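What follows is a group of structures, each given as structure tokens.
Across the two complexes that follow, subunit A remains constant while its partner is subunit B and subsequently subunit C.
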Partner chain A sequence: MPASPQQRTTVDLKALSLQQLAEIKQQLDQEIEHLSESFQKLRQAQAKFEECIVTVKKTSDSANEGKDILVPLTSSLYIPGKTTEIDTFMVDVGTGYYVEKDSKSTILFFTNKVNTLKKNLIDLETVVQGKSQNLRAVEEILQEKMQANQANAPQ
Partner chain B sequence: MSSIKESEANYVNPRGIPQAPFVEKVEDYVQSRDQVESILKSFQDMLQKYKFMEMSTLRREAGLKEKIPDIQKTLDMVKFLDASCNTDGELESITTSYELNDTLYAKAKITPRDTVYLWLGANVMLEYTNEEAIDLLSSKLKSAKDSLESCKEDLEFLRENITTVEVNTARVYNWDVQKRKEDREAAELK
Partner chain C sequence: MSAPSTDLTQEKQRFELLSQEFENSQKDYSKFIAARQQLEAQLQENKIVQDEFALLKSDAKIYKLTGPVLLPQDKAEATLNVDKRLEFIRGEIKRAETQIADCQKSLESKREELLTLRMKIQGV
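== the complex of A and B ==
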């Protein structure tokens, strides 16, 4: 006998009508979709930060001072120039603030961000799993009820 | 269809969108109740097409709205480089920050020069002299602004026509309901 879901008030799933079960199923479906979307977005953000770390490491490598590069001035305008102050970077720390950091602190900053995201992702995953379990339980009971209805109807 | 003016029925807006005919007198379109369904269906089809065109025009407009500030920025940049190139006796270098990544900027030194590189998309980048670049960007900006204007015009025209078709559908439907009532009353009288 599937146990009633723990997060809600302990309503026995079997006591619910067919319609209520269908509603709960829909709600759970939506929640799982939302959470999966957020999960994807967090993953993407994490990948971007990891990319930043790699870029910083490559650029601040001392062999690159004074090297010729094509500098992007806008999304479609480039100008040849030379790298300068390769150990200085400006990081967008949010809410319109940019902080100048050297390569070590920049790498540290991004590593911290990646770790925070990792933790959030793990938490999110647990929540999604819990919800899918609930969804499966609801689906099971829904099936049982439908079969019971069909058995009763022909009589 | 005799009461519909010929010019109105065939009017096509500059981008080739046909004008929807307005149903002044339902009887001109529908002689009997059997035709009602096919007329309603054709109205629905028209509505679908108009709505589809509206969607694609909206998308085009949104894309243009994004591109225009970009082109404007690039144009201003090239003008600035051109100006600093021409006024300086000796060209002094400028230290600038450029975008390495979404949240990461790095420093670089540039010297104003008479050519710039423009990214044209589709993995194509060309070198232009400053004047050529300014000309190219100005004309791009102008055509983008013009397209935006015509998109706005189209959207208005489309919305008008969508309303017209919806009103038509309502009128034909109401006429049908009324006819049904009349027929039923006539049958009862017999």
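== the complex of A and C ==
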């Protein structure tokens, strides 16, 4: 599917007016900007999930069982406590639902998330590349047309 | 001499009125698009939850965040809830799509009308 519309636009481009080309360029610019933003956000999400995996691994270490901790009640008030059930985690699965999981399935859950994000990132990258290619083609023809216009002007 | 000029002012007034309408429709259009995007985000999030529930054992402990508390909920109920929500969102998406299509059509016809009107004004 991406190949045929691309070809069609390349054929069409030369027939378009300067103004139309400029509009297409602007649109492509916007799309690329939007997609790059999404790309950045996905990367951030991926980093967050990877951090979760590390945290789960660290906390579920059996050496942590029964250790003293300070539990924040407010940002300035803490009460002492002890860690128990070190292998049980509450995972936010989305839309307000939380599921209780042991460390193994928690890590699996986050690993799956990271993998999905990786796949999405690769897909997104190909889309951005395609758009950049289109943009370059439009820019080239835009420049050609402008030069042709300038050459014609003095006569 | 006076007849065509009043005609022209009338056309101009109509043109202005119409371009105002056109602008309003454009605003509506972007509003509908934003609503559609939000619905898509909700759909995806609920789908993720549905997939996650499908992987869970039937005795898995599920909690629903209601205000500041987590209420326990059994899996069957939670799954049903998410299924229902997905159904609702899909319905809403269909509604939003028809809204968008209608708005697009009205934008198109208004644009054409504006163009012919402008040609008429400039041609006189």
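The rule is simple: the second predicted complex is superposed on the first by the 140 of 155 C-alpha atoms of A that agree within 3 Å, B and C clash if a C-alpha of one lies under 4 Å from a C-alpha of the other, contacts with A are read in each partner's own complex, and residues count from 1 in each chain.
Please note the rule applied: contacts are C-beta pairs under 8 Å (C-beta built on N, C-alpha and C of every residue); 3 or more make two chains touch, one makes a residue touch a chain.
The model shown is predicted, which means the values in this text are computed figures rather than measured ones.
Enquirer: Let's test your reading of the overlay: on subunit A, do subunit B and subunit C clash or fit side by side?
Expert: When both complexes are placed onto subunit A, subunit B and subunit C end up side by side without any clash.
Enquirer: Touch check for A:85: first (subunit B), second (subunit C), both, or neither?
Expert: In the superposition, A:85 contacts subunit B only.
Enquirer: Which partner chains sit in contact with A:55 here, subunit B, subunit C, both or neither? Use first/second/both/neither.
Expert: first
Enquirer: If we overlay the two complexes on their shared chain A, which of subunit B and subunit C does A:72 touch? Say first, second, both or neither.
Expert: Only subunit B; A:72 stays clear of subunit C.
Enquirer: Residues of subunit A touched: more by subunit B or subunit C?
Expert: In the superposed model, B touches more residues of subunit A.
Enquirer: Once the shared chain is lined up, is A:97 touching subunit B (first), subunit C (second), both, or neither of them?
Expert: Touch status of A:97: second partner only.
Enquirer: Compute the least Cα distance separating subunit B from subunit C in the superposition and give it as a whole number of Å.
Expert: 10
Enquirer: Please write out, lowest number first, the residues of subunit A touched by both subunit B and subunit C across the two complexes.
Expert: 90, 98
Enquirer: Quick check: in the complex, which residue numbers of subunit A touch subunit B?
Expert: Going by the criterion above, the answer is residues 48, 51-52, 55-56, 59, 69-86, 88-92, 98, 106.
Enquirer: Spell out the residues on subunit A that touch subunit C in their complex, using ranges where they run on.
Expert: 90, 93-100, 109
Enquirer: Considering only the defined contacts, which subunit C positions touch subunit A in the complex?
Expert: That would be residues 42, 45-46, 48-49, 52-53, 56, 60-66, 70, 78, 82, 85 of subunit C.
Enquirer: Inside the complex, what are the residues of subunit B that reach subunit A?
Expert: 70-71, 73-74, 77-78, 81, 95-111, 113, 116-121, 125
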